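Take a look at the structures below.
Two complexes, one shared chain (subunit A), two partners (subunit B, subunit C).
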Partner chain A sequence: MSQQSVKLHEPLVHLSKRDTIAPLKAWLIRLAAIVLGLVVCGLVAFVLIEKIQQKPEKIWDFYNAFIRGSFSTPRKLWKFLKNLSILLCIALGLTPAFRMRFWNIGGEGQTLVGVLGAIAVAFYAGDRLPSWALLTLMLLAALLAGAVWAVIPALFKAKWNTNETLFTLMMNYVATFLVSFFLEVWVTNGSGALPKLKQAKLPVVGGNDYLLIILVVLALDAALFVYMNFSKQGYEISVVGESVRTAQYVGINVRKVIIRTMILSGMLCGLTGYLIGAGLDQSITANSVGGQGFTAIMVAWLGKFNPIFMILTSGLIQLLNQGAAQISQDFNVSGALPEVIVGIILFFIIGSEFFINYQVHFRGCGKKTAKGGKAA
Partner chain B sequence: MNIWLNFLIDSLAFGATFMYGSTGEILTEKAGHLNLGIPGIMCMGGAGGCLMLNLIGKSGLPPVLIVTAGILSALAMSMLMGLIYSFLTVTLRANQNVTGLALTTFGVGLMKVIMSKLDATVYLVGPKALYRWPFAGRQDSMQCLGVLFFLAIAVAIASSWVLYRTKVGLHLRAVGENPATADAVGINVSRYKYAATCIGSGIAGLGGFYYIIDYMASQEAYLSLEAFGWLSIALVIFALWRPHVTIIGSTVFGLLFSCSSYITNIDWIRVTMSTKPLLKMLPYVVTVLVLIISSIRNKRENQPPSSLGLSYFREDR
Partner chain C sequence: MEKQLALQMRGITKRFGGVIANKQVDLDVYRGEIMAVLGENGCGKTTLMNMIAGIYFPDEGKIFVDGREVVIRSPKDAFANGIGMIHQHFKLVDLFTAAENIVLGVKEKGKYNLKAVNARVAQIAEKYGFRIDPQKKIYDMSVSEKQTVEIIKVLYRGADILILDEPTAVLTPQEISRLFSVLRRMKEDGKSIIIITHKLNEVLEVSDRVAILRRGEHIATVETKDTNENELTEMMVGKKISLNINRTEPKNAAPRLFVKNLNLYDAEGVHVLRDVSFTACGGEILGIAGIAGSGQRELLESISGLQPAVTGEIIFHNPKKNKPVTFFHKSMKRVRELGAQNAFHDGKGNPVSFQGMRPGAVRKWVESGDVLFNEDEIINLRHRTPLQIRELGVRLSFVPEDRLGMGLVGSMGITDNMMLRSYRKGRAGFLDRKKPRALADEIIQDLEVSTPGVNTPVRRLSGGNVQKVLVGREIAFTPKVLMAAYPVRGLDINSSYTIYHLLNMQKENGVAVIFVGEDLDVLLELCDRILVINSGAVTGIVDARTATKEEIGLLMTKTDDARKEEAP
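Our next item is the complex of A and B:
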């Protein structure tokens, strides 16, 4: 051994990957992140509104408005449940693709062409068919449109390994302008707005306009949970997602799985489009989906691609949306406040995942775990 | 003949928005980070610049100072956004797609909140003539081009030079291709990722500022900015990850995007209203085609950086 003493440099913080974490602890970390995020949101909203209004408000009023946004009247509660369902439904569509590590960020476009398919059928065949036949045909058209929109990137991914993230992103905009094109063709009076197609309306169940949508999405949620966790196809998807090589080794036809899963993914998004088209709007604009296709990506990711958790995350996002909308209405600020609030909370939740996946050791502290989710 | 020249120059000026956006995004992607927050960053760059112009616009400072402060503020604001992104994705190793989308949601929203309360008469009136130097006041279409436009070209060329002709660029590309190897030869991976993301975001933010203050110079400009952020991400693919190619690419995109309004002025081409959306769809379709063709040809230098979208943790194997 040499006499020379080697001075080791020990870094201030050292990271290591956790093998497992108790689910309770993981959820506590996430909860802490959300609470911390809400506090920061309150402060940001407070500062923004004070700057704009020149009059200070009590910070508690913001949280009060948050709750009132979704729960103060039955109408708001129904709206909350409806929005939750639509967002959840797109997220459900994305889930099989994400489980396969296929970054389908084209939910927006796939849903929009679903709406387009349904409304196109209603526009051309609305007067000629009995209601039940029309609604069925609309459903088929929506499913087909969504599936086609999703399978195009999948085919290229399977054959030439074309980057699916960028491909599906572009398909969103192609869909948007396709809708603008059809609106120009259909609406001849120059207003650019398609009047409501009355005959294309889904029947009202249980006395509420939204109940049918909510029930359909709940059923889908359960079905997808079973499909992903207890079926052979769901298992194949997980294997392809974990390792393509392993999948090939055990004899899974990776191309077939990619294409089949994306058809399923697109059909679910198309179904959401049908629910929007036939269940809610009976019309279409280029903004019918309104960015929910992108929000759904975050819903699916935050819910760990688990259909049951995704109900919670979708609910959280909608709670924030409606709460912030209530704030901007009550305090007369720009209607874009919900986006700011959702963004901030998302930063915190995204940041908190780090503390779930990794363990932080500080120099000289032996084994010590950092708590909470701090982010930006 | 003149209409074609106007068309070309207008497209060039319009394209500078994407030129900034995609040059910034290329730098980030070369470090292995797919930053889908670019639309939000561009929006916040624009908002940051306008906020500063609004604050000091009436203070009586020399106009050159006011304009410089506006540009610096746009840079600072968008670099701050880049810092949020890189803290989450580099240090906290968060999922890049989700982080980027959250950043876009946040940035677009905050910009709308800020811009809706700013006074357009303050942030628009003073500076426009300065940005258009040296062509300000000319009657022909050349008056669209100005300092910020030439800066965009300079930045694109300089970025290409740094990426492909210097050691720093080589290191940066190594980080994006294979961070583990880069780490093994002693390159500080996190530092490169942070620097590339923040500088890239700053450049992209200038694009937003340019669009609001210079190209559109209107009160409603900020409402249409987000769409061009996404188009910038498309342009990265079109340019095959080479910043200098964005100069041509952005012109092509500008031509495709604005041709719908020019074509109607030409007698011998008959267009109906319904073809306009199809023309506006073209940039995205062309991007998809480029993406497909480059993946079929599968030439190594035309591919996305191989670790694009993956976070790097040294102890992973």
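Our next item is the complex of A and C:
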């Protein structure tokens, strides 16, 4: 081997971790990823629709439908904003926990028990209380239920260092079956569907059913931003998240912070449950949250746990959902297509983080600093 | 004797992203010589050697062995060319014996015959004067034995160019001199030895020639016999620098911290501190010496309340008799508590209890300086959490070994890191960033911290600057006791001397400084007394002005009973 006469080179591609990247460049990479994702989606959808319908469509129609999904009528726009808010609200709930590196993936369950708490109060006390008292009691029940659901894994984590990811995940299933159980008890006619509890409805503000929810979530967003960045408790959360040993070193009671933060996290999810229960459905099913508790994890991650960025990421995901639904309606294709589209775009967005964290060097580009490649 | 070239490097360049680790380095190594590669931390010594050993591949440049150009793409290629490297972090399988580790990965013809291997290992050991038991398991070995295994492993594969990366960093003085004598015998046998180091005295002691690297560039190669410490330092740092630590005589040294019969067990039930007793005095630097992992960290952490000791006492003595009370570190609550316990008088012998007084009036009275302590404060710190210790008004500062994992938060800027100690101040639930910001600016200016801004994450600063931020913060709270664990580890020479200077200033201000160090030369130059610890037990406390390195080295490995095998 030592007598090799051919000069050997480095491998074709090698990666190195970036230590810093200009924020502008990072955002450009993300934007490029979204654009590229949309292009690929367009091509995929175009090919698939053509195959099914046997008639060529202009590729532009696809994007047109995509945008119309959220913006073509005021009703769709309101729906877009409402869905954005609900999703954002759960993501806000997860944020304090995530900042603490406590991987709370139980937002779904914590929100669902929030709905359950609110609806249970309305079911048992709906006829006996004045409207304001009922709504207040429902709110308290939702907050309490969410907090309890979140604090159980936190207590186990603080006391026995159990894995919070598995624990919070399992709590989701418990919540789902708990709702099924109550529906069995409450609904005696065998239909399994709880009729709307009319008295449990939040007042309409500004002539629109959704405006109150949107305003509440916006206010929460701002409040959480301030809490995380300017309060002592928010600072403690950041320290614990970054290094438990540093926290102990400066005398922060780590257990207390974990439990306190998870109560807050659960209460915010419970509040979302209240908004769903009292603000929208006035009823409950095991699917009331509809997987948004999981989608919210992505919203929080993509938004870098920053409540302001999270408005954008929540909007993006909602845009994808509604746009994809519109496509499947307009082109009369199966409901699986929207999921394919959402999947492709998220793949690109998450993939772009790789190029933000790493730099790709190609052989022969040794002289100048190689630019991060864009192929996912 | 005509010298014969063993290894030549020509124009070697290596980049990591935008960082140039090595730039156009030319280096020659001859047969039968010990070559020292000298440079500060982060100057590219290890990277350069890793390219010869096949860990990295150079971006540019050529390597010649025995005058013939070679391509080294992997450690296997390196061995094929007779090059072997002993890394700073040993790469051994704990559960295997020495011989099994040595033969691991060697492709030999014939059957795997451990007996033959043992015999050959013994033969190599005898030839160069190693002491080794080929059948001993790695987990039973001391650091120096493990290093021996690594060296024999390389020799077994027929290497005749050996590269040792910081081989003395973890050894005692006795082990170092034994290593050097082995290296000299290998040199006489015609091997080429390259040692990477940043310790000048070792360079002068063992090497024939010295190559100096600075910021990735080869500055010069000089004959060891023609040079001296000052010249080498100047080439290493790039400017003249004084290597003297100004040690003053302790002034009115008074006992500050009494540690008595401290015992501590870790999570696995291992007895990590055994009956540790000592006294630290204000106005002096107490050094703590010992092999890495002998209980130094545990000792400091149990004093600061992070690892509660099982038995023993940690007494903080505050000479406050007839001195005024201040709010500087004592809260209103604490002052009232002490008042109720009859701890104060008003200067005329009348007790002060603050009974029935409003907070405003108490504050005014205390701030007038007329409230005096009756007695010295004596506070037992055992079973107190770090927060309780602070709330008692004990000014104990601690610069931990793990700077970014414990002392600071890597992702936060300097301002937010200053806040770690003080964020609780103020009644409202919101943070006050004004004072920490002012403190951050002050530290940046006074200690010459080089940073793009106060909000740049401290993780991105260089090791020296990170340490200045941490030490600066700990000193800013005017401690009475300052504990520092390996405060200069990984720092360049300039930053190291800044830190020594800061510790000395604290000493002159009457602070009891406890300094855990690894470089015995520095300990002997800087400290007033040195406590030596081995396997969690104090094996001696010596006067740093009269003690020798050898004396401390013996204490570092001394065991008072047969609980640990004598190191070979």
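Heads up, the rule we're going with is that the second predicted complex is superposed on the first by the 355 of 376 C-alpha atoms of A that agree within 3 Å, B and C clash if a C-alpha of one lies under 4 Å from a C-alpha of the other, contacts with A are read in each partner's own complex, and residues count from 1 in each chain.
Rule of thumb we're sticking to: a contact is a pair of C-beta atoms (placed from the backbone, for glycine too) under 8 Å apart; a residue touches a chain by one contact, two chains touch by 3 or more.
In this text the structure is predicted, and so the values were computed from the model without any measurement.
Taken together through their common subunit A, the two structures put subunit B and subunit C side by side without a clash.
In the superposition on chain A, A:Ser231 makes contact with subunit C only, not with subunit B.
Look at A:Ser72: by the touch rule set out above, it reaches neither subunit B nor subunit C. Looking at the superposed arrangement, the partner reaching more residues of subunit A, out of subunit B and subunit C, is B. Touch criterion met: A:Ile105 reaches subunit B, while subunit C stays clear of it. When both complexes are overlaid on chain A, the residue A:Asn287 reaches neither subunit B nor subunit C. By the touch criterion defined above, A:Ser131 lies against neither subunit B nor subunit C after alignment on the C-alpha atoms of chain A.
Of the two partner chains placed by superposition, A:Asn332 touches none, neither subunit B nor subunit C.
Of the two partner chains, subunit B is the only one touched by A:Ser180; subunit C is not. Legend: residue contacts after superposition of the two complexes on their common chain; A:Phe156 is shown touching subunit B, with no touch to subunit C.
Of all Cα pairs spanning subunit B and subunit C in the superposition, the closest are 7 Å apart. Comparing the two complexes, residues 16-17 of subunit A contact subunit B in one case and subunit C in the other. Chain contact summary for the complex, subunit C toward subunit A: residues 15-18, 57, 59-60, 65, 68, 70-71, 73, 76-77, 80-81, 304-306, 385-390, 398, 400, 402, 404-412, 416, 419-421, 423-424, 429-431, 460. Put simply, subunit A touches subunit C in their complex at residues 1-2, 4, 7-8, 10, 16-20, 230-233, 235, 238-239, 242-243, 245-246, 248-253, 359, 366, 369. Those residues of subunit A that touch subunit B in the shared complex are 15-17, 48, 52, 103, 105, 156, 160-163, 165-167, 169-171, 173-174, 177-178, 180-181, 184-185, 294-295, 297-298, 301-302, 333-344, 346-347, 350-351, 353-354, 357-358, 375-376. Residue ranges of subunit B in contact with subunit A, taken from their complex: 34, 36, 83-84, 87-88, 91-95, 97-99, 101-113, 116-117, 230, 233-234, 237, 272-274, 276-278, 280-281, 284-285, 287-288, 291-292, 295-296, 298, 304, 309, 313, 315-316.
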